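In the two complexes below, chain A is the common chain; its partner is chain B in one and chain C in the other.
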Partner chain A sequence: MPTQYWKVRPYVLTGGRTRTRQHLLVHTLVSVPYYDAVFASGLLPESRSLYEHARKTRSVAELSAVCGMSLGVTRVVVDDLAATDRLQIHRDNYGSAFDYRLLERLRDGLRQLA
Partner chain B sequence: MGPSSRRRATWRQRAARWLDPTVAQWAVAPQETAPPPPPPEDRADSLWPAICEQFALRILASAYQMGSHLEAVETDEQDPERLERLYRIDHANTRIRRHAENLQVLLGRRVEDANPQTVTLVDVARAASSAIEYYPRIRVGHVVDLGVVEFAADDVIRVLTELLDNATRFSPPSSSVIVSAYVTEDGSVLLRVEDAGVGVNPDQLAALNAMLAGNAPAPVAVDPAAHLGLVVVSHLARANHLRVSLTNRPSGGTTATVLVPGSLLCEVVPGAQRGPAMTFPTEPTAPVSRPPTWNGNQQRSAQMMASPDNTKSPTRHLTALSALPTDGNPGGQARQSSTGGLPRRVRESVRPDASPAGTHRPQRLAAAPQHGGSTGGGSSPDAWPDETAAFAAGVSDAQSAPLNEGHLP
Partner chain C sequence: MTASASLPDSPLLTSAKIVIAGGFGVGKTTCVQSISEIPPINTEAWMTAASETVDRLDPGIDKTTTTVAMDFGRLTIGGDLVLYLFGTPGQPRFWPMWDDLCRGAVGALVLADTRRLAASFAAVNYFEQDTDLPFVVCVNLFDGVLTHHLDDVREALELSPAVPLLACDVRDPSSVARALLAVVEHTMTRTAGSSPRVLTAR
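And now, the complex of A and B:
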């Protein structure tokens, strides 16, 4: 699990960008449609690690934790990968915070923790 | 010191006059604007390097503290707008740290790093670009999968920082600067920094290369502001046996190359290079607690500044490192134990009992235990699957160039 060397500041990883093309929530699900090892080997370490870990569908927050990056950096990296269609962002438009599916996922997550 | 005929100024007025020369015009007599540290000449002069070092250390300590606070806020920040502002503060703070470190280098001191660790070359390139002003213009090209050993990593980063800073400063603001790293035939690594600027004046280029090779004195006397970064580079290059040179590209622009000797390189296993002490150093104990070592250091710095003699300086620089624990300073030892079980090969390789004269230099190091342990692969759930790693390793050299051009567009 790559945690950055502390002299590599987060703004360098994103080129100073903090905004994303599309709105990425903490629980937005992300997955790799088809894994390409050649493409992965050409990526910078944190993009690569994110690409590897997203082979299984995961949420942005999960990826941030697994890759050891802050959420702000993870969002931009996810967004960059998604812009090249290497990463698929699953849009599920929850109408409200009390959407049935969202609550169901929350319940399942809590059950796993318990 | 003021003439007795005049009314004596208060200390506030004197301070204001010292800080702002325009105040003197209407305040008091012009004769009174004497330089503030007048006392015995030789003593004051001999103390200056030590005083400067103390301030450099204090600035460093504050910068570290600020960095740790910033890091905490950055990880929690959700709002892109505020995060961007935090990044700007962090960027400024990183540059403050860099300048304080450079001041120490120019004083002939070995910069004691807060948290030495093996750093991959990709991270060397990015750590170097962290501390320059126009970092978004840096593109990371092809970089080999090797690391720089911990005792040299931060010096290589500093060298690259200055070269990248020059490259971005003296090239059009829209052009990008490409940094790449290749293995050479003899196992060393060549770092290249390519810019698309106007290039260096050819006759100046020879003088600069001579200075970088340690064969000519630094042209600080001519213009203190010019080439200050390259003076830092030449100091660090001599201390670490790096070979730095500048060449003009026929197509326009300059290429700076750094040859990192094989003895400073090591293998890095993905996922295993991170030691236990990777958290940001919250308490920079060593720099602050280090007692000033007046006599030895000031002589050393005087010699390093004055003499371009390149056979003496590297060993002097290295013995400065080895002499630290014997200064009656427990800081070095204390920090050794505090960095978690990392083997402290620095102290072993540059021991004081090694011959001070001659060409003592850090030997090539065997693979570190923490790296060797996990070469079996698959031991940690986060490591790559074996076949993926093997495939990626085999493929990394054959891939096409555009894939490596750093971050995605």
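And now, the complex of A and C:
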């Protein structure tokens, strides 16, 4: 992967923000609910890159990797786009990673591969 | 860097995560690689937070840059569920990153190499002391051979009897699936009867 060097420091891009409105985990899934080419063309390069890549459902970590942006910046950009409903943050259907229904699904899925 | 397989296109798609930990060179990358449906994504573009005081600005003046090499992979369980595997960066200085990776995880698989058990001491300590996340320790069978009895490994790692210890060959996808299965089953045992909120990672 080619190393990307920042033209500006990341905190300029995020306006100094490091916190997000909602907690975004590295595996939280994100997607563009309806793609708007005009909206995309008006975005800053970093936001645009993320918006384009999120046309396919991807995790925050995958977006960070494909966009070559640090996880912290990725989180802020995702959060900004989600605030205006340009990005959809997929809900956690189970409420907790320790939800028994989730664990059962994982167990059954992994058994098929074992 | 591009994923060969796309995720199911559903707004209801949700995700889970298992953390793969262990010292440097114990087979975390191979483990993720052997079962992931996408080539493992190795990125050095990560930092713990945007608030890092020193960021990469220009080639040549990045002596204090924090770069983190880590791998992650993906496994689609069904039309609405995808499991992510995150290999932890090995070096202790990345421990703040471990907290971030463990948040919201189902459990952790700590890999150990019997030829260099000490390399995994730090990871075992972390999961025993610094997080409530359920974990399983797995001896990686380099060359497919178990060179030490598991009881001896347990003793050498001073592992609590409550922590499952197994062996697996990380090059073999079904062997990795069994190890991940052990993680899920251990979490089911650990969390059975308690409300989901009781056991949350810090």
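Rule of thumb we're sticking to: the second predicted complex is superposed on the first by the 85 of 114 C-alpha atoms of A that agree within 3 Å, B and C clash if a C-alpha of one lies under 4 Å from a C-alpha of the other, contacts with A are read in each partner's own complex, and residues count from 1 in each chain.
In the analysis below, a residue touches a chain if its C-beta (ideal position, glycine included) is under 8 Å from a C-beta of that chain, and two chains touch if they have at least 3 such contacts.
The structure presented is a predicted model; accordingly, all values stated were derived computationally and were not measured.
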- Could you say whether A:Ala40 touches chain B, chain C, both of them, or neither, answering first, second, both or neither? first
- Look at A:Asp80 in the shared chain and tell me whether it touches chain B only, chain C only, both, or neither; answer first, second, both or neither. first
- So, does A:Phe98 touch the first partner chain B, the second partner chain C, both, or neither? second
- Message: If you tally the residues of chain A touched by each partner, is the higher count for chain B or for chain C?
- Response: C
- Message: Going by the contact rule set out at the top, does A:Gly15 touch chain B (first), chain C (second), both, or neither?
- Response: first
- Message: With both complexes superposed on chain A, which partner does A:Val30 reach: first (chain B), second (chain C), both or neither?
- Response: neither
- Does the superposition put A:Ala54 against chain B (first), chain C (second), both, or neither? neither
- Query: Should A:Leu63 be classified as contacting the first partner (chain B), the second (chain C), both, or neither?
  - Reply: neither
- Which parts of chain A are in contact with chain B and also with chain C? 1, 3-6, 9-11, 14, 18, 66, 70-72
- Item | Contact set on chain B toward chain A in their complex | 67, 71, 74-75, 77-78, 80-81, 83-84, 87, 90-91, 94, 115, 117, 119-120, 122-123, 126-127, 129-131, 135-136, 138, 140, 154, 157, 270-271, 274, 278-281, 382, 384, 388, 391-393, 395-396, 399, 403-404, 406-409
- Item | Interface residues, chain A side, partner chain C - complex | 1, 3-6, 9-11, 14, 17-18, 25-29, 31, 33, 56-59, 61-62, 64-66, 68-73, 75-76, 88, 90-100, 102-107, 109-111, 113-114
- Task: Within their complex, state which residues of chain C touch chain A.
- Result: 1-3, 6-17, 35, 41-52, 55-59, 72, 74-75, 77-78, 80-84, 86, 100-101, 103-106, 173-174, 177-178, 180-181, 184-185, 187-188, 191-192, 196-197, 199-200
- Going by the contact rule at the top, pick out the chain A residues touching chain B in the complex. 1-16, 18-20, 37-42, 44-45, 47, 52, 66, 70-72, 80-81, 83-84
